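Worksheet: the structure to be examined is printed underneath.
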Amino acid sequence: MSALILEARDLELRFGGVQAANGASLKVHANERIAIIGPNGAGKTTFINLCTGYLKPQAGRVFFGGSDITALSPRAITRLGVGRSFQIPQLFLENTVIENLLLALSARERTWSPFLRLDRHPKTEEMWALLDIVGLKDAGRRVVRELPEGMRKLIDIAVALALEPKLIFMDEPTSGVSSHEKFQVMDTLTRALDARATTAIFVEHDMDVVARYASRVAVWAGGRIAHEGTPDEILNHPEVRETVIGVGV
Amino acid sequence: MARQLIIGAGLLAALIIFPLLSPWSTVILTVALCEGLAALGILVLLRAGQVSFGHGLYFAFSAYVVAFMAAARFGHEVLILVPVATAASGLLAALVGLFVVRYRAIFFGMLNLAISMVFFSLLEKLFSITGGADGKRVPRPTLAGISLERAEFELWIFYITLGLAVLAALGVARYLLSPGGKALEAIKSNETRLEYLGVSSRKVLFGAYVLSGLLAGLGGAVIALVSGHVTPELAYWVRSGEFVFIAILGGVGGVVGPFLGALMFQIIRGYAAVYAPETWHAVLGVMLLVIIFFAPNGLYGLMTGRKPAGTGQ
Amino acid sequence: MVRMKWAAALAAAAMLGAPALAQDKPKELVVGIATFLSGPASVFGVPGKNAADLLIEELNAKGGVLGVPVKPVYVDEGAGTNQLLSEYRRVAQEQGAQVMFGAISSGSCNALAPVAEDLKVVNVMWDCGTQTIFEEGKWKYSVRTQAHAGAEMMSTLLYLMKAKPDFKTIAVVNQDYAWGRESWALFQAGLKALKPDVKVVAELFPKFGAPDFSTEITRLSALRPDVVLSTSWGGDLDTFVQQAAARGLLKQSTFVLPLAESSLERLGNVLPEGVIIGGRGDHYWLHPKHKNSPEMLSFVKKYKDKTGVYPIYPTFHMAQAVIGLAKAYEKAGQATGGKWPSKEQVIAAFEGLEFKSLTGTISIRSDHQGLEDQLLGTTKRVPDYPFAVYDKMALYPGKLVTTPLGEKSLEWFAKVKPELVTDTSIETFDYAK
Amino acid sequence: MPPEMLLLAALDGLAYGSLIFLVAVGLSLIFGVLGVLNVAHGSFYAIGAYVAAAGVLALTGMGLPPWLAFPFFIVAAVLVGVIVGGLVETLLLRRIYGKEEVLQLLVTFAVFMILEDAQKVVFGVQPYFANAPMNWLGTIEVFGIFYTQYQLILIPTVALLVLVGLRLFLRRTAFGRAIVAVTQDRDAATAMGIDATRVYLITFIIGASLAALGGALSSATTSLTPGIGSGMIVLSFAVAATAGLGRIEGAAVAALLIGLGRSVAVYFAPEFDVLIPYLIMVAVLLIKPEGLFTTVQTRKV
């Protein structure tokens, strides 16, 4: 097996009366495609928030590339090479799609000269290529606010990809995409990840997507991993089928 | 952009010609430019969704730097006073900025207000140093080594200020189009994403804050020169509120906006002072309400008929 | 392009700067009047404006100035110094005012004097009191038609020394701005010279416009000074006196309130007997020598009819400015043989001018400082009015209490001699109906 | 300095702090519910003071007993709250709740400018004062120093009653709970069927009335001059921000802190008494940005 790049160790987080993380642990190796599945409220998004610095665990540690990132800010973690797309897309709504992506590229390239116009950014070509990956070249000049949620989710992923992360978290990447387009999007996306040698962890509800694109599946329940294994093992696990997929044996 | 250039060029042409036709307007127009510069600083912060009710601090600080240097006959020369005072304001903004950029929305506004009021109170209280509420005189300095008569001096200061204002407006416009400017707008629309781009929103805001302090400082330095007198009132919260007023009146959609707003502000105030000397505050208040309710994008928005970029409406 | 601008600038400068010679009579004489129309000091500014309206109307009914009607244009001093300066310029340049009255606050006067020089416009300092203006600067175009803080504080000090010669301790509660600080500095300098053993037990400078003096009053109650001096005015004075009276402080110490004349009517029955009061000059509508002169009776009646209250010192200051201006034009007109005098000729006429005000005689020194008598008194309650009146009055000749020409007030105060207290030129009066 | 002086300083700070509390708590309440920082709040204080003073002068002018002033203060405060506050909310604020914060702030700034001049036009510029209620209550002696009962007892008592009353109102009454619900989560409260429009209006009226009550109470102790509102507004900002906007008990503590701080300063460092409120505010905001009594909330992602 290839190198370990992310390790979450016994993460604990309780807010109010909810145990959002309860000894959550996960090891991620380079080039894995890990799908996280589980019922709503199982703590899947909380886990991503803990790994990317948005929330701080009350106990436990997170390591990335061998160093402890538990206490780091989202910004610092992002700079280390962890990208992220969100369940509710986090974009600059008043700006165009192009501007959103170019800003991400500026952040990566650290091109902050006040004399450079964003719309004349030297990385414009790469920006179009990124849009192509999520199939949204035509929407480039539109303002994000006017776009439907599904498109925004894809742009959110493109923004995360623009940073060329070593590891990317995607929170329900295809939830807004119609079922017949899902596979097309996931195909190009996976190809792009392969080409960049980017490791990916994604929360997913569609078991067909999980079966087809995940190399490993982690089943979340009660703030921790209940089961872990290959898609085949997990999707045929009777308990998982009942509690997560909602199909009785 | 083209529209902005046309409006800007029109305004500029009018400003170049007007003082020659009616000399009495020179000082009023210079004051308008100074307030426009401060409002331009407010515009920069508004792009990040932040409102400062305390930029009178930088306006007044720079004006007092000019007054102190002039009183000490230290560098009693426009070409020294203005850059030094502006830079001093920028430094102060950098110092204050270290703290305030950690805050957002109402807390950002409040903290700016509080700090400016501390400065205001000190100016009033430290009578032996600052002259208290009566302020300090600013003897007229030389300009490029030449001692000028009042009218000449005022005219020259006006054109110099006009030139500086044009440069400042172009510079800010350029900055707002740059990645840094867009990142600034991103603080308003989605700070979370900005952080997840690996960009420090505090650093971005810090840069903008220093810029706004410099702009307000430039305005304050010039106003000290043309008034020949500085008072703590320059730092009072109502003055800071006027800068925000002017920015909104003119419209934050383009860098020409604050200058349009400042001119309009001076015109209304001038007329109100003549026709309603005892109720000019109310006249301005009504004007502000009219703008907010019927033209929320300000005069600039009315002229371009466009929604301002980067404002969430 | 640059050269054109230069040329135009020079042309504009020449247009403005050309000194005017005696010329044809204008249609009207525009007088710009800077006064507080907003803010706390409008307690003086608005009465000043009311008086100006009244007096100018009267003046115009009698033919105006050399046959030219006077038109007042008001500028709000309360709008802040910078706004005041640009308004002042606009009135002088655009509206063509030949004369400006500026202003009430010393800060404004300090700021306006150099502008008046630049604009070459006659600037009558109609109310401001700072003595430093003509002691530290020389202003060709500015003139003051009333006394300065030096005369006011000297007469107050002399009156106190006479009325309560054996006091041992004093506390001061002044507003925290130039007037409050400077008036105390002068008073203290004189006090040291006349009575070096007096102990200053507290120097309090509450914020201008403070709504509450509880802490200051508690301190004074505990310290029990023989004398409490306060040069505060307007709402601040009213609040301070009110709160002090309610807590018995006015009975405990002798209060010296050199500006209380302007608050007498408002304070009504709050002010007890025995408080030393003044009114920045010899102004008092019940002036012992002039209360029954036809001019005074007519002015008081007209003013009361118009505003519902008795006139206070700023209205008399305004009267002095208006009368002084008319007299200066008259004098200048004689010099030019009836021709309309230039601004320079008017200013020249002001030097050495002597004219009758409503309450005495004003003479303008060569440094453009006016000499004015000072009236102080002690409060007395009488059945004739629902408020305190002056009693045990002393009238100090302006020449006696004004810093001599060429000297600085602070230095002059420091060498004041005790003989001044009992100078024979001081007239005294008691209240008479 | 004898040690009892400290106690005396504290007594002085009490009345002042209580007045600031009354104004600041209204400001804080309005911000908590409407999310609007009301710059015109100082004007409500001033108008309340003027109306009360004019009323008391009329009462005593008619030869009526001075104690009638106390019920009249409440009437005046409610009148100002309902008429001026109600008009401002229904005619202006209601139309901009969805808009940007800066626009909301500027609407109240415009109202402030208009009301400042309106006061001048209606009540004139001469200082107004109506001290009959203060004199009627007489004085009380503490360590040989006379205090007015009005400042030492009445004003702090009213402040305490308002504090307790507001607490009970917000916790025990249905409408009070609706206000709290709107404060905590506007959308959820509306979804639960709470009429947010009405809650906004009534909250604004209560807040404005409290400011006016503070003004009415101050009218007996201080002279009313143009501009009293603009000084008060910054002070009440300082209190509200120190406490944390929307915190009622916090406003009481902060107001007391500022009142005491100021009077202690008059004893030990009279040069800095005016700086105290702002210094406290800056210090608190720097150490605990949301104010002393608020907890942090994060955005859901």
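By written order: A, B, C and D. Residues from 1 in each chain.
The rule is short, and it goes like this: a contact is a pair of C-beta atoms (placed from the backbone, for glycine too) under 8 Å apart; a residue touches a chain by one contact, two chains touch by 3 or more.
Just so it is clear, the structure is predicted and the values come from calculations on it, not from any experiment.
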Practice task
For the pairs B-C and A-B, output the one whose chains share more C-beta pairs in contact.
Solution key: B-C
Handout entry: Identity of the chain that, by mean CA position, is farthest from chain D
Key = A
Fill in the blank from the handout: Per the C-alpha means, the centres of chain C and chain D lie apart by a whole-Å value of 37
Exercise for the section: With chain centres taken as the means of their Cα atoms, state the distance from chain A to chain C in Å. Expected result: 76
Practice task
Determine the centre-to-centre distance between chain A and chain B, using the mean Cα coordinates as centres, and give it in whole Å.
Solution key: 44
Completion exercise
Note: chain C residues in touch with at least two other chains are 38, 176, 207
Practice task
Could you list the positions in chain D whose residues touch two or more of the other chains?
Solution key: 116-117, 120, 271, 274, 301
Exercise for the section: Please list all residues of chain A that touch 2 or more other chains. Expected result: 54, 90
Problem - Residues of chain A that touch chain B when the two form their complex - result: 52, 54, 73-75, 78-79, 83-84, 90-95, 99, 102-104, 106-108, 111-119, 121, 159-160, 163
Problem - In the complex with chain C, residue positions of chain B that touch it - result: 19-20, 22-25, 27-28, 31, 124-125, 127, 131-135, 137, 139, 149-152, 155-156, 159, 223, 227-231, 233-234, 239, 269-270, 273-274, 277-278, 280-281
Practice task
State the interface residues of chain C toward chain B in the complex, per the touch definition above.
Solution key: 5, 8-10, 12-13, 15-17, 37-38, 73-76, 79-83, 85-87, 89-90, 92-94, 105-107, 110-111, 114-115, 118-119, 176-178, 181, 207-208
Handout entry: Complex contact set, residues of chain D against chain C
Key = 5, 8-9, 11-13, 15-16, 19, 116-117, 120, 124-127, 129, 131, 134-135, 139, 144-148, 150-151, 218, 221-228, 231-232, 262-263, 266-267, 270-271, 273-274
Practice task
Going by the contact rule at the top, pick out the chain C residues touching chain D in the complex.
Solution key: 38-40, 42-43, 45-46, 176, 204-207, 209, 211-212, 214-216, 218-219, 221-222, 234-236, 238-239, 242-243, 246-249, 263, 266, 270, 309
